[in-house]
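Below you'll find the structures, each written out as structure tokens.
In what comes next, chain A is part of two complexes: it sits with chain B in the first one and with chain C in the second one.
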Partner chain A sequence: MLAMFAALIQELRFKRADKVYTLASGRVDMCLACHKEAPGKAHARGVVGCADCHLGDPLTVEKKRAHRGMVKNPGDLRVADQTCGRPECHPGYAERVKKSLMATNRGIITTLRYYWGEIEDFHAEASVETLMKTDETSPALDYFRKLCGTCHLWLPKEKLPGFLKKKGGGCVACHLIPGKNKDKKVHSILTRKIPLENCVRCHNRSGRIGLSYQGLYEDEQYGAPIEEGEFAAEELEDGRFVARIPPDVHFKAGMVCVDCHTQNETMGDGKAYAHFEESLEITCEACHEGTGRTRKGTLLTNLKVKDGKIYWQAKLSGKELEVKRPDPVACRHPVHRRLTCESCHDQRVPQCFGCHVRRDPREKQLDKLSFKETPGLWEEFRSYMRVEVPTLGVREDKVVILVPG
Partner chain B sequence: MAWGLSASFLVAIVTGILLAYPFNESYPLLSTVGIENVVPFGRFFRRLHYWSGFFTLILLFYHAAETLVAEGYRRRDWARWLALCATLPLLILIAFTGYVARGDETGRFAGYIAESLVLKVPLLGSLLNACLFLVRESGVHRPYLFHFYASLALFFVSGIWHFRLRRLPLEDLLGWLLAPMILALVYPLGLHAPGPYLLIKGPWFFLGVQEALRYFPPVWAGILFPALGILLYVLVKMDSLRKWVFGGLLVWTGVYMFFMVYGLLR
Partner chain C sequence: MEKEFKRITWSFMYPHNTGKARTCKDCHQSAKTVGLGYGSLTYLGKGRFRFTPAEAPSELLEIEHGLSAVVDLSGKPLVNFRPGVRGFNGKEIRQILRVGLCLSCHRDFSDPVMRNWPPRKPCPVFKE
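This part shows the complex of A and B:
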């Protein structure tokens, strides 16, 4: 009798589902009985199940069992093979991304170690993933761990405090945008239309490409210039001050980073490159001369030629933008044959001079790869910052711009 | 324990009949999930069915061992002994088809493996497959039919013939109802959702075969190895071979248990 009574109580306390929830494919996903969130069109509720991305047990509505083995961020590269990269969704992508420079940071690590005299091979193997799993350190690696270790795809989302919280997260570092209704607790939206902010979250230092592109110049700090007793400069999330300068023409046309930078460049093409310039595919000529192919032969599907005119369909807005052909006189002139496009067209670049770092061994600082405070506090200093006509240099027989920073 | 076996079997049959109403073999996983999450008392009866079935199988193994110790084979003629021995593989198949019928990943893959193995049985392979599995062609329809009707048939035939229609003692029935009830209340039963798994374990009693299949050809590991256990049990009745057969049966049980535990820990 007691057992029957217990069964009755258990049944009364159990919150039964109103029906068996299925996806468009016919697969069962009982998560939908409780969760009403929608992660956007590409992963529409009812087409892709909650458990397809977040794992857990989709065959029960018992909260504890349903949430067992769940992952909050399916894009995390540690689980991406089973979530985003599962065979029926985006097979092979996780492996490609893991080899990409945004995941390995191989270029940054190797360059640092090479110029600090720690290694002799400029193309040495290096990976954030390995550094996260080991305690391997050196002066350059310690510097990387503490100051650079926040801009890579292995960083777990929301692991670090403050503005760093938004960085990392694997696939979602790029592919996630906030949900539309900000008042309610809504699911973030997954998108292939990567907004500028997602790229600039990381690409805003060294050459300051993400800032310059949208017409921002990281000024001399202190909120200068001061106008009418107030800071005239705008402040970035990380506390740096920026002043407005004319933006890039592509930005003015409504284009974003992913308009030019192909999937193979950003997500990797399966090869483990040592440096950025090796992975770079896009050229100005690919669009402006209408070839429609990158230097590695990737077809640019958004480029169209109609009635002798070249058009680019912007990836975010979908607008067709007319692409200007190179000036037949200036660009084709034999004396300019060694000039790259940017050597003339980049009118100004930020230039940071007198950059130096200091390590105070008495203090401690957070190692962003091990998430532990370790001895040694690194601080960066610079003499002055300018935005002006770039210095030109020669690289592989081509005249290119040089950006100190 | 023999009464416990009958009582557990009866509980499994009654709960099975109740579960047959919301279960639809055309949509096995969908209806099993419905039983678990939508049907009132569904998950309780499903768990009761599972645990009473579990006890039935365990008690049958115990009863089989008890028969050997009590030398029960001496009291049976060959026909009766063969018929009683046949209940062992029959009940294992009933339990196995119960796993297949629920249609989750454990059941689905267990069905595929079993179908492939049965088709390797010389001469009778196709017929056995048509009676028991045929999962690739018709889903869980055949396993479900076998599970349902073979359970009823085994219960009534053994009730009439083996127990001679004697009344089941009420205290045995209540006792063996309480045990699975307690387990049903405290131990949740999961279903195995589809996913990109690299390892799917079959029903616990099948793990010995599943593990052996990793190392030996299907005919050896999937047919001859389990059949050897049954054959040795049958041959216990032969006075001239008994000493060797007992030894063989012990070795076989040890090897099977080793594979099963190894598979469980994998």
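This part shows the complex of A and C:
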């Protein structure tokens, strides 16, 4: 009698679904009974099941059972093999991305250790994933852990405080944009049209390429002009002041990072490179000479040649942009045969002279790989910063732009 | 115990601020561009130049040259470079700056002399 009463209470409290929910493929997805969110066209609600990405059990409406084993962020590289990279969806991608430099940070780690005299092999193995699992440290690694370790794909989204919260997340570090209705709790949208801000969230330090591209310059940080007793300079999310400089012509034309940088470069081509220059494919010539192929032979499908004119279909706006061919005299003159395009066509570059760092062993700082406060506080200093005419030098018998750092 | 090391390393990069090309003078008459750092150049004749740095040696960092310099006029490196990268050597610096002396008369490639310039042909006006 008591058991029957308990069962009755449970039945009364239990909210049954009004029907059996199915996906377009006919598979049952009971998540849809409660969840109304829609993650955008590419993963349309009712086509891709919630559990295909977020795991859990789609065959029940019992919340606890349904949510068992769920992941909030399917893009996290720790689960990407079972979610985004599952065989039915994007097979092989997770493995490629894990080998890419944005996931391993091998280039940053190795360069730092090499410059600091800790290793002699400029192509040494290194990965963030290993550093996250171990306590391996050294002066350069301690510096990396505390100051650099926020910009890699293994960083769990929303793990770090403040503006760092938005960084990381594996696949979604790039592929996620906010949902359309900002007032309501809506599902973020997954996209292949990666907006500039997703890239610049990380690519805004060191060479400051993400800033220069948009026409921003991290100046001497005086915050001038002062208006009504307050710093009135434009400010980045992380608190750095920026001044306006002429933006890149490609930015002015409405192009974003992924217009030039191919999938093989950004998501990796399956090879584990030591430095970015090895993974880089795009060349100016691929478009401006109209060849339509990267230096590794990848076809650029957005490039079209019509009646002798070259056009690029911008990836975000879809607009057809006419591509200028190189100047037949200045660019092709034999005296300039060693010049890269940028040695003439980039009039300015941010240069941080006399960059130096200091570690105070008395203080503590958050290790962004172990998420623990550990002894040693790093502070960065510079003698002076300029956005000025670049210095030129030579690499692989080509004239290139040199910068400190 | 205080431990420290001082090492300046220069690397190469593409600035991502592409636009209209730099002028001829911007490279061929610029001490900064060829790697000497901020300062001024004087032509001494017979292919020789003098460079007067505008920057004092960085005493605080115990460096005997300005922070914007990577090589001297002879092409001797003053800093470290990322593997595979170097500053211009003495011959390259002299060649680049030598063209700078022509630019006062032959402004750019709109000048037929510059467009069809035979490198070994002596200038009838300029006395080396």
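One rule holds for everything that comes next: the second predicted complex is superposed on the first by the 396 of 405 C-alpha atoms of A that agree within 3 Å, B and C clash if a C-alpha of one lies under 4 Å from a C-alpha of the other, contacts with A are read in each partner's own complex, and residues count from 1 in each chain.
Going forward, a residue touches a chain if its C-beta (ideal position, glycine included) is under 8 Å from a C-beta of that chain, and two chains touch if they have at least 3 such contacts.
Worth saying up front: this structure is predicted, and the values here are computed from it rather than measured.
Colleague: After aligning the two structures on chain A, examine chain B and chain C and state clash or fit.
Modeller: Superposition result for chain B and chain C: fit.
Colleague: For A:R348, select first, second, both or neither according to whether it touches chain B, chain C, the two together, or no partner.
Modeller: second
Colleague: Taking the C-alpha centre of chain A as the vertex, compute the angle to the C-alpha centres of chain B and chain C, in steps of 10 degrees.
Modeller: In the superposed arrangement it comes to 150 degrees.
Colleague: Have a look at where A:Q10 lands relative to chain B and chain C in the superposition and call it first, second, both or neither.
Modeller: first
Colleague: Is A:R65 in contact with chain B, with chain C, with both, or with neither (first, second, both, neither)?
Modeller: Only chain B is touched by A:R65; chain C is not.
Colleague: Touching A:Y115 in the superposition: chain B (first), chain C (second), both, neither?
Modeller: second
Colleague: Report for A:M30: first if it touches chain B alone, second if chain C alone, otherwise both or neither.
Modeller: After superposition on chain A, A:M30 lies in contact with chain B alone.
Colleague: Touching A:E396, do we find chain B (first), chain C (second), both, or neither?
Modeller: Second partner only.
Colleague: Classify the contacts of A:P87 with the two partner chains as first (chain B alone), second (chain C alone), both, or neither.
Modeller: A:P87: touches chain B, not chain C.
Colleague: Chain B or chain C: which reaches more residues on chain A?
Modeller: C
Colleague: Could you grab the smallest C-alpha gap between chain B and chain C in the overlay, to the nearest Å?
Modeller: Superposed on chain A, the two chains' closest C-alpha atoms are separated by 42 Å.
Colleague: Would you pull the chain A residues touching chain B in the complex into a rising list?
Modeller: So the residues of chain A in touch with chain B come to 3-4, 6-7, 10-11, 14, 16-20, 22, 27-28, 30, 33, 51, 55, 57-62, 65, 82, 86-88.
Colleague: Using the touch rule from the top, collect the residues of chain B that touch chain A in their complex.
Modeller: Touching chain A from chain B are residues 29-31, 33-34, 36-38, 40-41, 43-44, 104, 178, 181-182, 184-185, 188, 190-191, 193-196.
Colleague: Which stretch or stretches of chain A touch chain C in the complex?
Modeller: Those residues of chain A that touch chain C are 111, 114-117, 122, 207, 209-210, 212-213, 215, 245-250, 327, 329-330, 333, 335, 340-351, 353-354, 356, 383-384, 388-396, 400-405.
Colleague: If we count contacts the way the header does, which residues on chain C are in touch with chain A in the complex?
Modeller: Of all residues in chain C, those touching chain A are 5, 7-22, 26-27, 30, 32-35, 58, 60-61, 67-68, 70, 79-88, 92, 99, 108-109, 115, 117, 119.
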